[in-house]
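Chain nomenclature is as follows: A, B and C, assigned in order of appearance, with residue numbering initiated at 1 for each chain independently.
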Amino acid sequence: MATTLTLHPDRALPADPTVRALARTLYAQTASLPLVGMHGHVEAQALADDAPFGDPASLLVTPDHYVTRMLYSQGVAPHRLGVGEPAAGPRDIWRTFCEHWHLFRGTPSRYWLEHELVEVFGVTTVPSAQTADTLYDQIAAVLDDPAFRPRTLLDRFHIELIATTDAATSPLDHHAKLAADGFGERVVPTFRPDAVTHPARSSWAADVAELGRVAGVDTGDYAGYLEALRRRRAAFVEAGALATDHGHLSADTTPLNPDEAARIYRDARNGATAGADAFSGHMLHVMAGMSAQDGLVMQLHPGVLRDHHRAAAAAYGPDRGWDIPVGTEFTRSLRPLLDDFGMHPGFRLILFTVDETSYSRELAPLAGVYPSVRLGAPWWFLDSPHAMRRFREAATETAGFYNTSGFVDDTRAYASIPARHDLSRRIDAGYLATLVAEHRLSEEEAAQTAVDLAYHLPKLAYARRSA
Amino acid sequence: MATTLTLHPDRALPADPTVRALARTLYAQTASLPLVGMHGHVEAQALADDAPFGDPASLLVTPDHYVTRMLYSQGVAPHRLGVGEPAAGPRDIWRTFCEHWHLFRGTPSRYWLEHELVEVFGVTTVPSAQTADTLYDQIAAVLDDPAFRPRTLLDRFHIELIATTDAATSPLDHHAKLAADGFGERVVPTFRPDAVTHPARSSWAADVAELGRVAGVDTGDYAGYLEALRRRRAAFVEAGALATDHGHLSADTTPLNPDEAARIYRDARNGATAGADAFSGHMLHVMAGMSAQDGLVMQLHPGVLRDHHRAAAAAYGPDRGWDIPVGTEFTRSLRPLLDDFGMHPGFRLILFTVDETSYSRELAPLAGVYPSVRLGAPWWFLDSPHAMRRFREAATETAGFYNTSGFVDDTRAYASIPARHDLSRRIDAGYLATLVAEHRLSEEEAAQTAVDLAYHLPKLAYARRSA
Amino acid sequence: MATTLTLHPDRALPADPTVRALARTLYAQTASLPLVGMHGHVEAQALADDAPFGDPASLLVTPDHYVTRMLYSQGVAPHRLGVGEPAAGPRDIWRTFCEHWHLFRGTPSRYWLEHELVEVFGVTTVPSAQTADTLYDQIAAVLDDPAFRPRTLLDRFHIELIATTDAATSPLDHHAKLAADGFGERVVPTFRPDAVTHPARSSWAADVAELGRVAGVDTGDYAGYLEALRRRRAAFVEAGALATDHGHLSADTTPLNPDEAARIYRDARNGATAGADAFSGHMLHVMAGMSAQDGLVMQLHPGVLRDHHRAAAAAYGPDRGWDIPVGTEFTRSLRPLLDDFGMHPGFRLILFTVDETSYSRELAPLAGVYPSVRLGAPWWFLDSPHAMRRFREAATETAGFYNTSGFVDDTRAYASIPARHDLSRRIDAGYLATLVAEHRLSEEEAAQTAVDLAYHLPKLAYARRSA
């Protein structure tokens, strides 16, 4: 096996020479555009504290559930990756990862990791059992470099705007510090109320109490709960937030009448969760109404069954790779919400899915008629070369390009952000190049569209709305 | 931006040079074949009266829901497109359309419109805010030309056979006039009974009464209703009809026992719609039985939720772009119908879908074994380059080519008919060329298949059956 | 039409010259690898008796439901293909088949048949009405050749290991004979208990009684039934079995509590089938538990509605082409089973589907995290060039290559086995070549992966587990 690691300039561009030449030209016009990352999961604290990153394993392996799940799937025990006890040491984790490098063939993790290793850490050797220790030392040295701090990387990565994801109960103190340090416009919070809109979750009552405490409102009844949400949204707006984010198992948005909602709320506070799912759907409708008022862009990510393996969830906690998609219905589910707010000039809804079947059948038709709706970038399991291409092929013919949000990454792996944007720009360049090669689009139009998808559309899609 | 509008001879053919050369040869053999349009929505009256078309906006923008929905989706108010009040004037509508030309990048509307502008109207300039007025005048001048009348265009468009879609209650007077003028074999009606088979619709009782009036049968009870349907079908057969057409939300075809059907019918006449959906499904089974008798080919188009936004539907009426697909089940739903008529030599069922997931999973397996079943062309949102290609790739390996109906357009936009057939022929040529390039088919076979798909198969699929 | 039949060396490889050259090199490294056929339906008796095959029609047409269903779909009556009475004679069947050769354009049957005709039978002429008789005589002569016996073909086809599919009640006498003749390691049984795990089937009570008889256990109650299954599994293990196989309509695996299961079992023995579907799902959970104990690899093939046309099923029996897929849910359905056994080191589950929508949404995410789960090869209607390519494109980015089982054929058409493996190797070579051409994989890695997919992974996936 070859051991030299390099990034080919034409990687992830189409193989056909004519199309590739066109794609290369289009990509060149987007390659150095600033990054707009409106759906990130980087911790605000990391940027507020600007502390050095840890070791190679705790930066690149242990927290990346794309990486750990692949290794689990081939029999690597979680604790060998630092997940659960007895946790292996960082160098052992790194060795285990490098020994299994072949498992990532054909995956986007391979693409992202290669990009990071070469571009961010200056690695020139393919990971393997033989090279693991050398690579570990090389990456560790980079991590020790004062130039490799989170805020410095904002510039190096060319990040113009990055959003964090923050609980509704967040005191937003890290964002206050960032604002005080002059990063308030560049690092913005996102309002994520899932913990307080799903009464079926075991921590719901505590989270709702905390919501009241932070908002300074008594959440003992439904009216207080709504008022607390309104105040927290206002605090997020004040702190620069542009959007909300909602993760639900179903896309149901059926509103309850207020008395019914108040009753379920009261019962849930007393530990009775009958009606909890209906309440969650109802709250999407309520949140849409508040978005139409305060102009926060609403993001919806339905269709993932969390913690599929209950024992693994109990042992290792959430976000460890045990989340599995389910089929997701949008047309009927979103109808109540869109009936009421879909035509509202102050409302914007960005839809994500891990169920590709909805692209041509439901999502593109919805985004292709409702002025409030945009299609988010291919999400999670679909944030990959073939899947991104399928998204464009399935969505464009009905929704066009301009009803999509452009690329947003969705990662907690800070060092992978440039790789993710780069891959997206290459795939879009390849798709546009095919349209040009098939004489369905002029080169000038394709170039303009490529720049719009990479930069202007995300900014437009997430611009706060005013009614 | 380039401003010259031309049609590249290789447009919509595959980019790979080897495949393109093969595709070009195949396309050349179908490009000038006559058009067979067995699923059209052109108004019979337009061809009966042969009156001049109106202005550019009322021909090309206002009635085309593909165009208007895309413009709504980017915030253009319907009345600015002539939909709802206060309706803009035609020149303003045209300007609004031209200003938003970029929205259609990557859509089939762009392909169809370019084709129409160049081939039908002789336009040589890309639509834009700057060129809107010039184009308007140029198109208006063509529309004033006596050579641009509906009947003349039948020849110019090389239309050998076109079907209109007509309510079960239609007096068929326009078709009588067409027959009297010698167009009876060329323009045929299609029997569409949806208005009288869905008791849940608000106008159902009135439509059923009208059905009785036109048929000369008392539809006061279920037996009379069935007899009226039989008579109207006979009248359509007499007027040259080859097919029926059925739009249902679900593909359910479960028959009711006659007493139950009669009871639901009676209740529905009295305004009680319990059982209405079951009745609709039952009526598909009944219609299949009548088709097996009278030989009318049965077309089924399920899976579209009409008027998704209720306020828009109330304000602007049906067919304005607010229809959204839903997931559609075929295997279980069609079983009762196919159990009873699927092997009947007098029966033919052509299936359409806007849910692509059923191509490889349900539709191709059904068409690949039942002698009565054919797969219709990719429909509505799927009548587009990528989606047509996906149809062939998903359906052919199980259903082959000869269980598909060949191309049928599905449009009320008369001037777009040649563009739609042309695009389909190009996509099929490209698909066949790929099979040849991959040595899965000989060039001779591919050429024969291309001609069959473009011309012979639609004629065969819609040939009236005899039991 | 050209009449010379040849196999192009580059058939089914991608058209693009760069990609094709890479694919050709990759394919060359797998083309002559031994075949591992772990999911076959060749009859054990054929290999035990080693009797000559019959005539061309009874070898190549009548038993191949891919072939007969396509001919039915175009109006050929089953009896003309030897299915049902009055059965046509073999030469007439063969003529009917050859006359309809064009129907197979674009299908995998065409690919397999061409391969068999040329490689196995030395045919050099395209089938047609004109050539039918000559081909019949030529193939019949080959079939008469003593070298064309089942066991000789094992060598000629380069089959290293082939599994048959055997009822839980099978006495395994054919395998005993094979073992006695030295073929015990090469031809192994597979434990298929469907007949005794679906109480809704009309023959269930009789099959359960037979199970008891063969196992030497009284299956009069549920405990005896479980014990009989355990003993039969042990007998299969003894006879060399590596796997079990389960065909269910749904993938439900919800366990019942033992009392409930025992009650349904008792009722079903008395002819009451309430709870039968729940019992079937429960038995998947039970079978998984037994697999975790005895190490037999568990194969699950859900989602096919058998005998869609009831009259055809009654007239012609099962497996005649009237089976149609349905949408299939995996994420929720498999959760109970995977919760209990998904992390068990002694358990292996190989999942097949005819519902492609689950590849990226459910199957790849499941296989990409559970160490016990592998994705089986594209199955049945999806065992075809485009569908195999779609499988790789949809599954690889989340599951990688090493969570797939590699190719397993699924056929009762013995002579088609080499063709099926050959096609799969070509498609995988093409897919890997695309990754190389797009600089997402090195040539060395691609070559290693191609060999793994063709040979090593099937052996690994079906290696019996030890807990």
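In this section, a residue touches a chain if its C-beta (ideal position, glycine included) is under 8 Å from a C-beta of that chain, and two chains touch if they have at least 3 such contacts.
Keep in mind the model is a prediction, meaning the values are calculated, not measured.
A.B. asks: Name the graph shape formed by the protein chains and their touching pairs; answer line, ring, star, complete or other.
C.D. replies: complete
A.B. asks: Same or different for chain A and chain B, when you check if over half of the residue numbers at their contact belong to both copies?
C.D. replies: Chain A vs chain B: different; shared/all numbers falls short of half.
A.B. asks: Chain A to chain B: how many Å between their CA centres?
C.D. replies: 40
A.B. asks: Using the touch rule from the top of the page, what residues of chain C touch 2 or more other chains?
C.D. replies: 16, 357
A.B. asks: Could you list, by residue number, the parts of chain A that touch chain C in their complex?
C.D. replies: 1-2, 8, 10-17, 69-70, 72-75, 102-108, 110-111, 305, 308-312, 321-327, 354-357, 381-382, 384-387, 390
A.B. asks: Would you pull the chain C residues touching chain A in the complex into a rising list?
C.D. replies: Within the complex, chain C contacts chain A at residues 16, 18-19, 329, 331-332, 335, 338-339, 342-343, 345, 357, 360-362, 364-371, 373, 393-394, 396-403, 434-435, 437-442, 444-445, 448-449.
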